[in-house]
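Note that subunit A is present in both complexes that follow, paired respectively with subunit B and with subunit C.
== the complex of A and B ==
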């Protein structure tokens, strides 16, 4: 280890190598303290936790060998059909794949982004979800299966849209900020967003963290009954929680009558939240899925009450592992945005179409050639925000260079909904194929037959959180 | 769902007669004997689950009337109605009575639980008694009238609807209310109008305390006219429109500012 200057002369090491890095007050911490001192506020940003926590990468699948027979990877069928909410609803949600799109608001996202997500979900036979601020007509018409959120703010919430929904999700919290309310800074509260939310245009919207007309699980039970009455018991009612006291919260949600429990781990994203919330609240998705699945199993409701897991799901391997741990489906937020073009160094300016393809309301699942155009470099615009492509979490500014998280008309126009839908649908299909491929290799003809026994952990921490053995052992810490 | 066991009498339209298919035991036409008026569908809640009650109400055509007897504080009565029907709840109701409604007129002859008329879009919910917490929560339109007192957080998150309370309101009335009008015929508790946006509150009695970013402002001719109209519609003859306290947002907390930290 290098030493400071001594009486024998100057230290030969360069100044920045002379001392070991300070763990407690490292350069990022110093920068944050200086920022708070300079501006008198805390950092706000988009996306989920940056810190490294045990996640699905810390698990491995035990695929088949002598003791298990694999299915033919490119020959034998592996079912991905997923049914949610069949317990009470006359019309349960039936999906072709166990991969859904999470609730993200129009306001946080641009109208083209919301439309693209709806189209993509429809193309691959899955659901998308509204968000704080209500349902837009474009989103409803683009989405075959649309989950309508009932949030504490109740912005834009109304019985017409409620009855037009395919499921209702009562949101108690989200993984990025369990216990916190919504946030949409004034630069994104344009005329349409403000109108939908009944807010003054340009206000820094900080919405409620508790519902206005109920508190506690006994009240929630009555609220769920009200939603069922208004929707004539036709559609499932989901309850979404941010992952904190998962065991208790899942049990209470079930007792209140939830058909589906959505558990959002701390890696779950946000459009704008205080950094302190994002990095320091909740528990990792890996721990949350196991706790939720075990709570349902203890209640003997596995399969009857659906479990959707979200927060940091990126790949088909993540999906397979989440299903193996007990999820019925996963929900993605950040990843589909990246598929749309979030954090890309360019956006594509499409060539004028003369073939009649495209146009608002079209199916949008066209060959890639239909989306020929010019890639427009926007690296300087990222730089102007103080960030760079591949590192941007500046959704809160509303200045998204690729048109995903903005309400600026010029920026939003950079995202073509059909091209976006094409990309997201491709991405979701790839995930579904990866999931089925891994399930086949585990000898399963249905992805929902993956089980904890198919998993081992690479680290002690992951083994303890996921409740699966450390690789090469039969040891599950804490059991 | 079972079929109606008793005949519906006194109805004069085919549409109303169709409601027989959606009703069950416990439904009857009012002829006075069951406490209803001629032409009024009477539903006895002692014999009907909530789901069947609401299904029967939803099936009523515009202009129809219904009376719910023996409600016994039942939750979620007359929720999600979307036609111009008149429903009377003959006794106490529980949570969310008349909630998420459009066009209907719902009257409760008794006290109500939480969230009476919550998320109302249009129409009227009238409570001939006291209301528990969060009356008219997030109401986007329509009118909620409470002829007695209202508990905590009346008019919370109001989004354009109107709330008229004849008596007193508890703490945090109009918390986070975004748009609409609240008239309090009696006194208002602490933290009135906390974190208000553009909703306006009028109080005929005493204001115990204002919430964050709420302020008392001058009464204009337009305010007097609005109060007069609302009091008349609510049937409040004890409110003098020219002698109310107007409370609205000071609009000092609409944007983040370090200096606001101590304000909430």
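== the complex of A and C ==
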């Protein structure tokens, strides 16, 4: 509708510039209202918070200059070894790098994706984690160090797999949906997934939001003791929380007996959850990590109870900053999926394995030349989902064009587990190198010696959340 | 960025000349640390003196050259991250925290009841890169620092280790495994003198040793004038190796 001319004459602005965009009811909001009005339901999607929240990009490292000395990158040692859960477990988790792979279910991810993540983790000396629906044999055999999740749904949870695990992670919540349960839409509930979960095929699965065996930290203590007995006190018990009331929840996880606390910030991803959860619950990872670290410090348990943080970790700089704020390790979900090929406009049909079956049982660390093949364009498949490569969060549909988040055999076959493992291992190695590089530049011979005093913030918000000074000042808001 | 000097006498030959010897050593490292200076002199007791300003004027003011003793540390400071005040000067002289009552160590120290000054003295050239975390850990153990100086954290750490039962060599080895950064440290106690350097050992250190004394300095020229230097064994201490002399 053309804007009327002003009283002074014709409106000088082109029609599309005459109105400022409406903030409260902008075009995306209008589209969402129309969708709800049309369909009578809420949107569901994958990944984590899309909105901008204060994050690790809002922090900077104070590397060495004159008052301190950097270490040489190519000849002076900087340890990345990470030990988790040494407090009680006979076999603590010992990792070569402080970067782990987060719990993601077989069901949400394809079997080749799970296998690739396990292989990649093993190649770089770190751990990967099961997810809702249980442990697959491929994943167990591919993973040197496998963390077995104990979730409210109990899908696929059993004492045999429990005893086969290298650590157990009790999931109280997830950053994408703290207080909410899991969701696996019917199109991803194929025969194998349904069998593992003892549920019917093709029907939406809504996992519970709380575990029937405990309703609070007092009962959780009993559950943890039960798990320790079953695993003969051999392996660490992690407790994972979605970041909301972090200070209280970390203290209660410790009181219940956690050897490691995993804190997942609001940017943490999911395979499928209501958009309202993803964007409007929990707190940013940046705030969560400092709260968790300070809770452990207040309990005099820094270093004794491990702290893993997750939610939006992408780069070695993110890792270095998380460690400086007090994390012992970080956990990645979305980023390794991207390394696998998530959101790529093509997948590679391997010359050596044109059937796409993959999984030949090799070590999975071949040079890139061994993965020669043809790049197959799938941009039209993204378009069919109503999205595009680089923007896709349609994990929930099960129609992943690159075979990562699907249970469709034909789509899953597009992901070769060896090539996937090669890519993810490369990515994790690069992150570890970046982390150590930044730690060396801060004068540290061990990445775990980064400390909050090595950081400043770019914004007042980030300074307040992370508890570090605003750059150029000694001001920490609220302290 | 500092100059350090330490002198340990093996017998009484130079006891009355200790101050004069240290004054000469201090002169040799004065330009490395124009902010402030300090000395620790072990004789019958322990005297620690520090002041802001020109190190040579400080040495003259306290009559350093006239003092006697068996062991001494001297330090000239160029401050890195903490203020230039007398409290921030080296040496940091720290009494090991009291062992808890009822423990074997607690009873032993009560039984000994000697008037020996138990303070450990430390001088440092370099800077630490992870002292904030170590300071917090010490605070958790009830060990507090008086300044925000990084070197004080090392002194408190060593004293706490001694109180926990480590001998000085073990405490220094533990320090090198715990502290990041660059450091040459000289440490004295009521009966010992020790030197240790970080794994990279890029801060200068020279040790000279004769039958009668052992000296450690930041610069060769600070050794000139020591009696019998021509016959001394002169060497640069190896990284991460603890050099310790006890009386």
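Keep in mind that, in the parts below, the second predicted complex is superposed on the first by the 461 of 479 C-alpha atoms of A that agree within 3 Å, B and C clash if a C-alpha of one lies under 4 Å from a C-alpha of the other, contacts with A are read in each partner's own complex, and residues count from 1 in each chain.
We adopt the following convention: a contact is a pair of C-beta atoms (placed from the backbone, for glycine too) under 8 Å apart; a residue touches a chain by one contact, two chains touch by 3 or more.
Nothing here was measured: the structure is a model prediction, and the numbers come from that model.
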- Message: With the two structures overlaid on subunit A, would subunit B and subunit C clash, or do they fit side by side?
- Response: fit
- Considering only touches as defined above, state whether A:64 meets subunit B (first), subunit C (second), both or neither. second
- So, does A:384 touch the first partner subunit B, the second partner subunit C, both, or neither? neither
- Item | First (subunit B), second (subunit C), both or neither touched by A:200 | first
- Check whether A:154 is in contact with subunit B, with subunit C, with both or with neither, and answer first, second, both or neither. first
- Query: After lining up the shared chain so the two structures overlap, which partner does A:212 touch, if you call subunit B first and subunit C second: first, second, both or neither?
  - Reply: first
- Who does A:372 touch here: subunit B (first), subunit C (second), both, or neither? neither
- Spot which of subunit B and subunit C makes contact with more residues of subunit A, would you? B
- Classify the contacts of A:276 with the two partner chains as first (subunit B alone), second (subunit C alone), both, or neither. neither
- Task: Could you look at A:76 and tell me whether it touches subunit B, subunit C, both or neither (first, second, both, neither)?
- Result: second
- Query: Which value, in Å, gives the least CA distance between subunit B and subunit C in the superposed three-chain arrangement?
  - Reply: 28
- Between subunit B and subunit C, which residues of subunit A are contacted by each of them? none
- Could you pull out which subunit A residues touch subunit C in their complex? 64, 66-69, 71, 76-77, 297, 300, 302, 442-446, 449, 451-453
- Message: Show me the residue ranges of subunit B that touch subunit A in the complex, using the header's touch definition.
- Response: 50-51, 54-55, 58, 75-76, 79-80, 82, 94-96, 99-102, 114-115, 118-119, 121, 133-134, 137-138, 140, 153, 156-157, 159-160, 175-176, 178-179, 197-198, 254-256, 258
- Item | subunit A residues touching subunit B - in the complex, by the definition given at the top | 39-41, 153-154, 157-160, 162-163, 185-186, 197-200, 203-204, 208, 212-214, 219, 222-223, 225-226, 229-233
- Task: Quick one: which bits of subunit C touch subunit A in the complex? Just the residue numbers, please.
- Result: 80-81, 126-127, 129-130, 132-133, 136-137, 140, 180-182, 199-200, 202
